[in-house]
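Two complexes are shown next, each including subunit A; its partner changes from subunit B in the first to subunit C in the second.
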Partner chain A sequence: MGTLDYIWLGILAVFQGPEFVSLAGISISVTLAMIFFGFLLGVAVGATPGLAGPIAMAISLPILISIFGFTPDALLPVLGFLIGIMKGATIGGAVPAILFNTPGTPDAFMTTLDGHPMARRGLGGKALRVAHFSSVTGDTFSDIVLIICAPFLALLVEGYLDLPEKAALLILSMSFIAAAVGGSLAKGLISTGLGLLAAYVGTGQDFYPRLSIGNEALSEGFPLASTVLGVLIVGAVLHELALYWRRRDDGTAGTVMETEANQRLSLREIGRLMPYIGRSAVVGTMIGALPGIGSTLAATIGYTVGKRRYQKVRKDDALDFGEGVPEGVAATEAANSSVSGANLIPVLSLGIPGNAAAVFLILAAESIGGFTPGPSVFKFTTDQVNPELVIAFGLFTCMFLANLMNWTIGGVFMRAMAVMTRIPKQVLLPVVLLLTLTAIYVQETAMAAVWFTLGFGVLGYLMRVLAISPLPFVIAFILGGRLEDTSRQAFAATGGDPWFLVSSPVSIAFMALTAIVVVAAIRRGRTD
Partner chain B sequence: MPSIWKTLIAGAAMLATATGAMAADWTPPGPIKLLIAFRAGGGADTQARLIAETLEDKLGWKFIPEQATGKGGLTMAAALKKAPADGTVVGMAVTETFGYNMAAAPNAGMKPSDFAGITTTAGFQMGVVSASSKGWKSIDDMIAAAKGGEPIRFGVMSPRLADIAYLLGKAQGVDFNIVSVQGGRAVLDGVNAGDLDVGFMAGIQRAGVAAGDLVNLASALSVPLEQTPDAPTLATLGVEFDSDGQFLFVGPAGMPQDAIDTMAKAIAETISDAESKPGGLIKKAFGGPVIIQGAELDAQLEAGFQSSEALLKAASE
Partner chain C sequence: MAMTQNRWIGLVVCVLALVLLFVWIPLDVETGIVEKIRRQVEIGDALGPTVAGVFLLFGGVILAFVERPPSEPKPVDGQAIRFALLIVVYLGVCFLVMLVTGPAAVWVASQATGSDLEYRLLRDTVPWKYLGFLTGGTLAILGVISLAERRVSLKALIVAVAAVIAMIAIYDLPFDDLLLPPNGDF
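Let's look at the complex of A and B:
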């Protein structure tokens, strides 16, 4: 079993799974069909203001699991669907940003700056084509970096990091996420701390369920799906509803104008856009590889970098960034789309999720079982097949198939999705809430899980009101168990050394970086 | 009608009802919830799911497998204890849950008599296993290394095994750094990655030992391991306790006897057939089926609970 055999097995796993339909004698596997459906759903939710990829991933996951079950065969169809959503949503977000000046996803805000003025000048179709081309290019670049880097990083981690260093790395990642997400370190730390607190209810090595105050429902701990969906989805829905309640009189006027005859992108124009797309793709990929920062910052930096270059080469009479230039759309869309692939580098090599989409991929893998994202995936065993590695290459195949769909049919679907912007929020939000609660009940089959979800929804709402990002909460909740286990194991393995976190040069370096991250965030807070 | 015909028809009718009744002594009133005390995707979880799947095909029953992990099976046991005792909820765990773990957690308020044993399915081929790259050929090499000052990280997947590892070190005059991890796969991964030097593995080591990557240094059972019969047992190494135990299906106490008997019989038939999926898995990973049922099983669980007191006492000295 060499590396190439594993790659080949991964590709086969996607194409040869159970048959979905047979078209003209060619058998279409379930996984392939699921990527396609996920992709369609992704484009649609990306184009719908108030919805985003993670919401669709969250709601579909329990439904998918109830269809496909908990067997390892379910992994690729379910993960393929989620990846389809992830990829589709990256292009969908630009649609309402350009046509209606309302970003479909938060990271498409910068797209409105140039995309909407272009639409007002009658170049709506062209702006969408620029957004599509830049998005897909950035995304594909990011995926290539992921596939090259993740296995090596994983092997490095497994080869050089001992238990104390792994514990230190988890602490560093969580501090980094707390410091990087949102504006304030204190708020990030509060969010992380609450996540850890929730993770430690009812768990642990002792036979007595800790922190459960004698309550039976608490003694099994909070279900992963209830906590994550409650804080991320229900919290967002409640917050949106509250905003809608206050602003329901505001109407946003649509302006779809395609007065100019030529909406196509010529090769020359593509050549002119490539320097912007290239820079933004690199920026987005680098940001994506760091857990927790996310695509909104990538879009901002990509736009700023693009603007700086544009002002150097611009002719005096040409339009500037912000007045409707295709370069502005390209710089933003390439940056925010190239985050998604690289974001899976820490997921697959360390098991540390960096954004909400990655959280749901991990949630799927943990719920189904048989695939534990982390360094042990990339064991190239030669005497017998490592099924997790096959799944990993299957995932890469899914990503490239979704990219292929993006390249070929994505543009057409994207332009057809303008209609999604017309769905009124007072209809959309309750539907999302109902679907989420139903999905939770389907997966957990206990009313306690629904109450937990609503409880965490209120928590998520309050966090949003207080401008505390819920992402560190969710990531800390997911990593809390591992942090405890790894620390306990490192403590035991070093023979009960209380200084195990600073026992080797690597762990000292990780802990020093943790301190630097925190101090830097405090200093940044003071200067702002 | 001649009376001989009458007799024959009556006889045939009786036979028909009798065989009919034997094929379905008991049918579940609805789908059966199967609470699995093991992490999804591991060998034990796969075993439970394959048995459920095969019974579904054979008997037309419907199973809903569900993970109830944590606290050495006590999470599952607590849920099972509360469940209706009509055969619609059963659980799968290891005998250790009802012995050591219940004895060690008096707060949880559970004892074996709260449950009805259905059947055991398989034993463990529990060995003390190291990576062959460590260079240890026997347990003596490891003890020598420990005496030479090398810290030994000993991976265990339950508190009972942690106690046994401690007693092994005590009997041999060395101290191990005993590291608790979740499940046998985590021990295997830790040993392979070099995070652990040695650990207990309950059958998962088979392929690695056959390929020469892993070494069974000792048998943690009262009998030698099938794969490495020359490895010494714990008793010969001065430990008076062993890790003998089985995987088992249980129901809540008060489950109807015909439900227990029907399920026990069906499971035993499935796992005894090496051609069936669960039978093949049990043969390959756990060294073949071990079937203990009825009063014998209940007595064994009760005895395991009582004798665990002795191990708890020995390990706390």
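Let's look at the complex of A and C:
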């Protein structure tokens, strides 16, 4: 089995799975159909203010698992659907940002700066086309980088990192995420500490489940779905509802979208936009490859870089950035969309989720079993087939198919989704809330899971109110068990050496980097 | 030293971290940071929570005494927090209603017919399996919409009933192995 054989098997696994339907004699596999349905759902939720890709992923997961079961055959259809949502939501977020000055997703805020003024000038259709083209170009570039980098990085990790180095790398990743997310190291550390604490309740090696205060419900630990969905989804919905309740008199006026005749994007215009798209795609991919740094920062930096270039080439009488220029929309959308593919580099190469969408991909893989994202996936065994590697190449195929859908039908579907922006938030969010709680109950079949979810929802809400990002919490909760297991094994492997974290040059380098990241963040916090 | 919001949060987290490190972990974890088992030294169950406590303490100290953010976060809106907590309490009550509606209906039916019905045996049969979810779910959506809009409307009721029926159609009708809330608890 060579590398090309694995790639070919991955492609075949997507196209030759169980048949969903036969169209004119051509068999459409279930995985292909699931990518398509996920993609349509993703565009719809991305275009709906108050919803986002992770919410749709959370609600879909128990349904998908019920349909496909817990067998390895379920992995590609389920993950394909989730990847479809992720890709669709990336382009959908620009729709309300441009047409109604309401970003569908937080990273689409910068899109409002030029997209909405364009729509007010009667160029809403053109702005949507610019957003679509830039978004899909950035996303495709990012996926190519992912597919090239992730296997190499994974091989490096497996080849050079032993248990102490892996433990040190996990500590470095968590510290980096704490320092990078939300702009405050202190709040990032608090969020990480709370996540680790939640991960360690009711677990451990002793007969007595630690930190369970003798409570039977706590003695089994917090369910993964209740904790993650409670903090990420229920917390976000409560926050949105409370904001609506406080500002319910604020209205967002609709916009006349298409009064100018020519809304199409010419080849000449595309050529003019390409330098902005190219720069932003590189910026977004580099930022996306670092775990924990969101697409909002990528959009901000992409916009700033684009603006700097625009100032140099702008004619005196031309509009500026912020006044409704297509270059502004292109710079933002290419940057925030190119984060999504690159965000999977740490997931597939290190097993470390970098954003909320990656968290749900890991959650799906863990629920179904048979595929553990991380460096062990990329073992190119020659004597026998490594099924995890086939799934990994199947996932890459799913991503390219979702991109193909984005290029071909994404634009039309995105523009048709303008209608979603008219669904009132105060009606949609309560339905999402019950849907999330029902999804968790269906998965856990115990009311205790609902109580835990509501409790973590309150925690997620309070974290948002106090400007503490919930993402480090979720990532620490997911990685907490692995950090402890790796440390136990490393401690045992080094013969009980208490200095195992600094026992080799590589682990010393990781711990030194951790110290540098923390000190730099403290200095930044003092001088800002 | 002015007591800003961030400083308060930092101090509260410091106190929580100290309680975790010096009270909760010693009292509620059976093994220490390292343990000697069969002449081998191993990491005990207390190490993980201790690392969590150190993260919290470190974060709290930096927030309270070191970091100087460019601007303080917006003041906490007490009314918004009360509103969010009210929603959570209300949802809790709705799920309790969900939990008791089915058994209560079965009890009434058994009293009326004189037969010996038991909800546990009927939890996966129509119409009993839908009673709790339909009642509690409708109340949940109707109530949260009404709280947000500060009025009860027919539109909200229609949305609530339609949404709950749609959820039944999504989660229950196509699958034999899934149980709607609260039927897994019986």
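Everything below uses one rule, namely that the second predicted complex is superposed on the first by the 527 of 528 C-alpha atoms of A that agree within 3 Å, B and C clash if a C-alpha of one lies under 4 Å from a C-alpha of the other, contacts with A are read in each partner's own complex, and residues count from 1 in each chain.
The rule is short, and it goes like this: a contact is a pair of C-beta atoms (placed from the backbone, for glycine too) under 8 Å apart; a residue touches a chain by one contact, two chains touch by 3 or more.
Worth saying up front: this structure is predicted, and the values here are computed from it rather than measured.
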Name the contact category of A:Tyr208: first (subunit B only), second (subunit C only), both, or neither. both
Go through the superposed model and pick first if A:Tyr244 touches only subunit B, second if only subunit C, both, or neither. second
Under the stated touch criterion, which partner chain does A:Gly122 make contact with: subunit B (first), subunit C (second), both, or neither? neither
Name the contact category of A:Thr438: first (subunit B only), second (subunit C only), both, or neither. second
Thinking of the overlay built on chain A, is A:Leu194 touched by subunit B (first), by subunit C (second), by both, or by neither? second
Would you mind checking which one, subunit B or subunit C, touches more residues on subunit A? C
Contacts for A:Pro275 in the overlay, against subunit B (first) and subunit C (second): which applies, first, second, both or neither? neither
Quick check for you: in the superposed arrangement, does A:Arg526 touch first (subunit B), second (subunit C), both or neither? second
Does the superposition put A:Arg488 against subunit B (first), subunit C (second), both, or neither? both
Show me the subunit A residues, by the header's touch rule, that subunit B contacts in one structure and subunit C contacts in the other. 205, 207-208, 445, 488, 492, 496
Of all residues in subunit A, which touch subunit C in the complex? 62-63, 66-67, 178, 183-194, 196-197, 199-200, 204-208, 210-213, 238-239, 241-246, 248, 426-427, 429-431, 433-435, 437-439, 441-442, 444-447, 450-451, 454, 457-458, 461-462, 465-468, 480, 483-484, 487-488, 491-492, 496, 498, 522, 525-526, 528
For the subunit B and subunit A complex, residues of the former touching the latter: 39-41, 45, 49, 65-68, 70-72, 74-75, 78-79, 101, 104-105, 107-108, 151, 153, 159, 175, 177-182, 189, 192-196, 207, 211, 213
Give every residue of subunit C touching subunit A within the complex, in rising order. 5-6, 9-10, 13, 17, 20, 24-25, 28-31, 34, 40-49, 51-60, 62-63, 66-70, 73, 76-77, 79-81, 83-85, 87-88, 91-92, 95, 99, 133, 137, 140-141, 144-145, 147-150, 156, 159-160, 163-164, 167, 170-171, 174-175, 177-182, 184-185
Given the complex with subunit B, which residues does subunit A contribute to the contact? 70-72, 158, 162-163, 203, 205, 207-209, 219-221, 366-372, 375-376, 379, 383-384, 445, 485, 488-489, 492-496
